[in-house]
């Protein structure tokens, strides 16, 4: 299980990083989502893996055997925050696209840089 | 063959089948060819994912994953609905 | 005590006066001048009254300031300080008087006087400083205030540039001085001047001596305008003449001299000192004198002459002879008197005639005989004519030059060069007098020249009187002061000297006379040609325009800085992000290299659930697919990302994290909707962007790099995860939570208990983030301006409406309505069920998977479904939601739930729980954390609905806009 | 836990939450009331910080949230450094707010709530003793800063904001990876507990812990805009509205604070003693150098202030990297002064630019939903012009210049002097020399462009109207610079305080004992 | 993994139901791959959404009822909601597909009703 | 009645849902279920849905039975199609069906039935003409499908949603 999960984390992270380094804003936001998934799973993995041992105390469960609840709580918090920030990022890139007319992450196509740094082409 | 053993193997097999179904549906998402095929694939992925969760609940026997399954059953269609509507109308909310 | 009191009063008065003057109205010239002059005179009186104390010893007063650094504010009045203080204040008072009449009526002089007084204060504190650091401070203050003074007429470009250059160069020196003082402080172990002065041997023998010396001299030489730092001084002439008179005679430039004299006992008498100071002085003396010859501007001539005289003084200090130091001190005083009077005279000429150009001036003797006489005496003093003070110190200088001839060829040239410089001095002094006051009557001047007002002349008279008095009876006038100053420098080891006018016929006298004759001769030989020298630049050196070089250096600096910034910086986002990841990789690598790679358990296939592996095959494929497709096939990339997210949720289910699974699924759904909402406003696939071959190649190379970076980051994260997961869990805090959750916090779902009780503070912050983001999104979208190409309605809708219009039996919008008929019905009736589900998630969160956040998101989805089915307008006509208020309410509820324990003297967020016995219902757990969780729900709904709705409403806005456009 | 003063420690976080919560319930048009509330809250924060400063002793103050004991629950810990930073935040917040009330708070909706929540995030980050909680407060602070950077909209802000957000989102992910890695290997999140565990004998897994710390450190370094991770700072801060930029000046200091705190607490002794010190030194130097290059090349005041912020962060990092406590103390003193001065410079920059560039006024597209705050300029109470506005602005600019360039006699000089003398008193290896040299160069490098900008702004004749300073804006400037002057006058007290703060920071055992209570080594 | 003590026959029943459900779902997914046009494929997932789901819900009901010793019907909710919501998506999706096919003039575009 | 309990059926359904979610039934859950069933339907007031008039419970039950059987049968049919077990030739295609049913709820139920049964898909309904476009996987006889839909499903639904 550990092997599979860590490979999964690696693939998610690599895809995310790759997308984040792409020039289009939409690629960046998807990359961010993927990287967030990877990181959340990473945090979760730090509590070690257990199957069928959710940290919910039914009467008679063995407290020692259940999964580490702390990383789960951390992931939940991180999940909420990254959800919020993804939304924000999305809106900001829409706004940037609105004011610059381009969906390049720098607000302009690289070839058109000479036209001036401060002003958009329009 | 004791009951737990049967359950373990049988449900494990069932779960594997469902994940396989997921994989096939995901193949459709990847391959398309049209956007509607992908949406259909995604819907199927969700569906099989939900069934996987249910069978996993059976395997572990604690029933704690019920809510997760219910979330897909009750609200999972929102995502695919949004996609379908996007295809149909060009925007999700007008 | 009264002595110290006088000292402190003197040191503070100018600053207080400065503030007082600054507060005067801008046209209060008389009041300002009176105040300024009064303050200066009062301070002078204080210092003067202390002369007897100085003769007896040193007056010291210390205030604590930075005790931990050994820096106190010490006022220390010894003979040297006394002499300089009197010079500063005395000439200061005269300058104030002069400036009162010099400045035009409409000039806002209070500002000038305020700056002047502040400068006086800084200068005074410089000479009175009893602590090295304090000296540095006063030093930099003189730079700053001189900057303000030089730039007083800032409408002139020359004034601005001159001020900037002066500040830049002298502040550079000041920074070096600080470093130098710190080094000296390290050698000596104290910044106290008395201690430092007593540690000369320690300093000279320290390995740090040379750095300290270089740093201190860098300061002294820049301030005293020594070659090649002299360039700022002529440019500082842009200041009003009274200011020039002050800065370049008695103060500012003398600060460097003062510093060298002050530290002479501890730094001098080494070879390094000899060569650095001596060479600088010699070069400056010659360059200054040479340049002065060619100036047409009176003030320019005086400026270069100042440089030359400063060089002379510096040279004297550099000779490593104690007698030369006495000469230096003496000449400093003399120079101050005659140069100040000359500047003032030049100012009067400028003031009365409207020009300072010697080529235009002539025969002013007739119009202003009084002034001419004064100027001539002063010029003669400068030239070293006997019976005037300049002669005495010149004589001492030449005799030192003769006495210190060494073996080195350069040293052999010393007397010759000294004589040459003296001859130059005679030359330009003569030129000044002859061309200004003699010759034909002036014509074509801006003003008709006449004598200035009486009071304007008075300062010059006083100064010239001093020149003459010192020249005639040195022992009666300057003698005692020079004596205490010498004693202050050398203690009892001072040299013997004689201030007599006549020493008999000896080598110095011969040289002096030779210089006089030479100067006169040279003037008559070359005077005319000098006048026709077009730009006023000196022969041989006209290419060395200091100002030009300085500006070039500055622009070069700026340009270079920008270039370096581009080289080592990144403006483009991709480059920045790439750097981030690369640095992360380097950081990880460096740790691994330093500590050794972590050992990884050998991977084994045993124990791997094939279904789980298959699941992650799907997840990985989705992620890779999304990465591959995101550029052109955005919709499918969104779906694939969703697929990866779903796999993540399933993993959570699989690995015993039901809460996470629920939350992740819900977030997943909302995020997909959100992304789709955003997708509407992005441009269509834009393949029209023309890409050149070269760019294409660059892009390919970038892709390869990015691929490597991405793969490495992925590998790194995966191996870290694997390494940690395959190690036994540390005995950490987790166990305690599991054990305490139920007995101490009353919840069975440990994760939820962590969120709302043990670590509720995190949750409070987390919902704040959500709220903040909601507000930000709202604010942004209120001023959202869609790009032009996404302004129109989507193609699909236009076509469908066209089709509807084409058919008689249909109305516009029917297609859409029919398509949404079934979904609408289902979604409407699903609404209450989702509400119940949310309630369920919320209420059972403490014991079973669920919780406030999940409940809030579920409710949000319920809302969004309504929006999707019916459109924003329809929903908002019916559901009056004020999401911002919800956010506020959520924060308040959560905060209040946290604050209630205060009433019981418990810390913030202390949860109480108990079982309430209710008849019929039995035991009901009443965890107060539920109240906190309620705040979470409210806020989550508010914030996420706000975000989604704000985005969704953009379509409405566009419609409204389109409707408004035809009217406009 | 009964007297009200026992709860003082949590007030810097709770007060802004409560105030912003109430403000969100109020209608948007009640801007006067909101401004008053907001100012009152900021003033209250200042009072709280002062009260804490009066209370703090060698032993840190501890507040157990939820009444849970230390390694398990979240604790707030206030030692001298935290209190100092709280004070700085409160001062900066108050005056930036005063400035904003003059006009900026109406340039977009819900300014005050965002502003107060930003203060809450910053305060929380300074107070918390728990790594993950630190993450949460970082996020609060960053989220609010995103909002404030974008406040007022306009192309430059949105563009800069996009990069700013992207970089900081990645920093947050680094933060998460680092924290979780530390948790996964050490099993704890509490800083004191972590320090205790690290001070024990090392295991073979120390490389994993250190990898976690390295990644975590990167997150902080990104936030303190260290080279080469801080390219986002200058464009962002320069684009932000003045009061936002002023208060953002403290934001990068949060990163600095955390780096200082954690590296002294965790790596002062034990297995990983001195971990990362060399890197910090190099990064600090590089940051100062880069900031100096940047400021040398600037074209406007806002950007200059942004680079000044960078230089000041780099200075502290470098001082920390030298391992010289006296230098660190001086650097902290310098940090306080330079932050205030940079904030003042941001405000001044806005005043100077105000009349000049009409493009800076952002585009209002949807008039129906948006009231342009500058339309009703005449109606506000700030219209009256102080006649000496230019003189005041010029004087303030001069003071800022002196502060930032570290010229005497202001606090910037004292800080630099303390650093120099601390370094000089030490063993003086080459690195100390290099640091002294670089700081001297950077002083000059700061002075030259600022003088140029000052001359351009105040001396070069131009047709634009002279700067106008409303009374509120004057108050803000005067307050910030007055404190700078006060810092200079009472520099001895200040330095003594930072000395003791550094001493407290270096005393990891004392911190651990205070947080974890009895029975710990 | 499962430490339950339900009787053998119940276990067999549960496994049979689950396998049946999983089988139908798998067949549906296979259909998604094998069928050639969109309009054919769209029928395939319904297999899982109806019978497949129903069998697994039944398995769940049986299992938890036996396990907890009382009738546990909450899984019926899943079946109910899924039945109601799945058609919503499919209908809209089908409609979107027809719309797209018609506007693009594809050969297999459906006729007007 | 309607003011206090606007949607009694809905209330019942919600209460049942609550009970199912929070089994086992205890006095506390019963009380809460009652509360939920009573209070939550008030949210529907805001949405103002069209009223539902469902009658003839017997018909409902019968229809349910029919649908259940049909679903199972068509599941098996489609499974055969997918696995290639059916005899040779297979035709798929669209069927257009004129509907008399106009009640949105009736249409909704019909759509759920049709779509829920594998092998048939509700593709497009035109409110103006009342015609429904159906896609059928195994289209052996077009007329047969029209009749099947109308007889088996539409008629009972017309009865229910009169």
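Going by the order they are written in, the chains are A, B, C, D, E and F; count residues from 1 in each one.
Criterion: a residue touches a chain if its C-beta (ideal position, glycine included) is under 8 Å from a C-beta of that chain, and two chains touch if they have at least 3 such contacts.
Everything quoted here is computed from the prediction, not taken from an experiment.
K.L.:
Sort the other chains by how far their Cα centres are from that of subunit D and give me the top one.
P.N.:
That would be chain F.
K.L.:
Identify the chain pair with more contacting C-beta pairs: C-D or A-B.
P.N.:
Of the two interfaces, C-D and A-B, more C-beta pairs touch across C-D.
K.L.:
Centre of all protein Cα atoms: which chain's centre is nearest to it?
P.N.:
Per-chain C-alpha centroids ranked by distance to the global centroid put D first.
K.L.:
Rounded to the nearest whole Å, what is the centre-to-centre distance of subunit C and subunit F, using the mean of the C-alpha atoms as each centre?
P.N.:
73
K.L.:
Please work out the Cα centroid separation of subunit A and subunit F, and write it as a whole number of Å.
P.N.:
40
K.L.:
Taking the mean of the C-alpha atoms as each chain's centre, how many Å separate subunit A from subunit D?
P.N.:
The separation of the two C-alpha centroids amounts to 27 Å.
K.L.:
What's the distance between the Cα centroids of subunit A and subunit C, rounded to whole Å?
P.N.:
Measuring from centre to centre gives 38 Å for this pair.
K.L.:
If you look at subunit D, which of its residues touch at least two other chains?
P.N.:
If we look for residues of subunit D contacting two or more partner chains, we find 132, 136, 139, 143, 146, 150, 153, 158, 162-163, 166, 170, 177, 181, 183-184, 189, 363.
K.L.:
Which subunit C residues reach two or more other chains?
P.N.:
571, 573, 577, 581, 609, 612, 638, 654, 658, 679, 717, 720, 724-725, 729, 732-734, 737, 759, 762, 766, 769, 772-773, 776, 780, 784-785, 796, 800, 819-820, 822-823, 826, 830, 833, 837, 848-849
K.L.:
Please list all residues of subunit F that touch 2 or more other chains.
P.N.:
17, 21, 111-112, 122, 124-126, 129
K.L.:
In the complex, go through subunit D and note every residue touching subunit A.
P.N.:
132, 135-136, 139, 143, 146, 150, 153-156, 158-159, 161-163, 165-166, 169-170, 172-173, 176-177, 179-181, 183-184, 189, 359, 363
K.L.:
Taking the touch rule as given, give the residues of subunit B at its contact with subunit C in the complex, in rising order.
P.N.:
My answer: residues 12, 15-16, 18-20, 22-23, 26, 29-30, 32, 35, 38-39, 41-42, 45-46, 49, 52-53, 56, 64-65, 67-68, 70-72, 74-76, 78-79, 81-83, 85-94.
K.L.:
So in the complex, which bits of subunit C are touching subunit B?
P.N.:
For subunit C paired with subunit B, touching residues are 609-612, 614-615, 617-618, 621-622, 625, 635-636, 638-640, 642-643, 646, 649-650, 653-654, 658, 661-662, 665-666, 668-669, 672-673, 676-677, 679-680, 793-797, 800, 816, 819-820, 823, 830, 833-834, 837, 841, 848-850, 854, 858, 861, 864-865, 867-868, 871-872, 952, 955-956.
K.L.:
Touching residues of subunit F toward subunit C in the complex: what are they?
P.N.:
Residues 10, 13-14, 17-18, 21-22, 26-28, 31-32, 36, 40-41, 43-44, 46-49, 104-105, 107-108, 111-112, 122, 124-129 of subunit F touch subunit C in their complex.
K.L.:
Help me check something: in the complex, which residues belonging to subunit A touch subunit D?
P.N.:
Touch list, subunit A to subunit D: 20, 25, 28, 32, 35-36, 39, 42-43, 45-47, 70-71, 74, 77-78, 81-82, 84-85, 88-89, 92-93, 95-96, 99-100, 105-107, 118-120.
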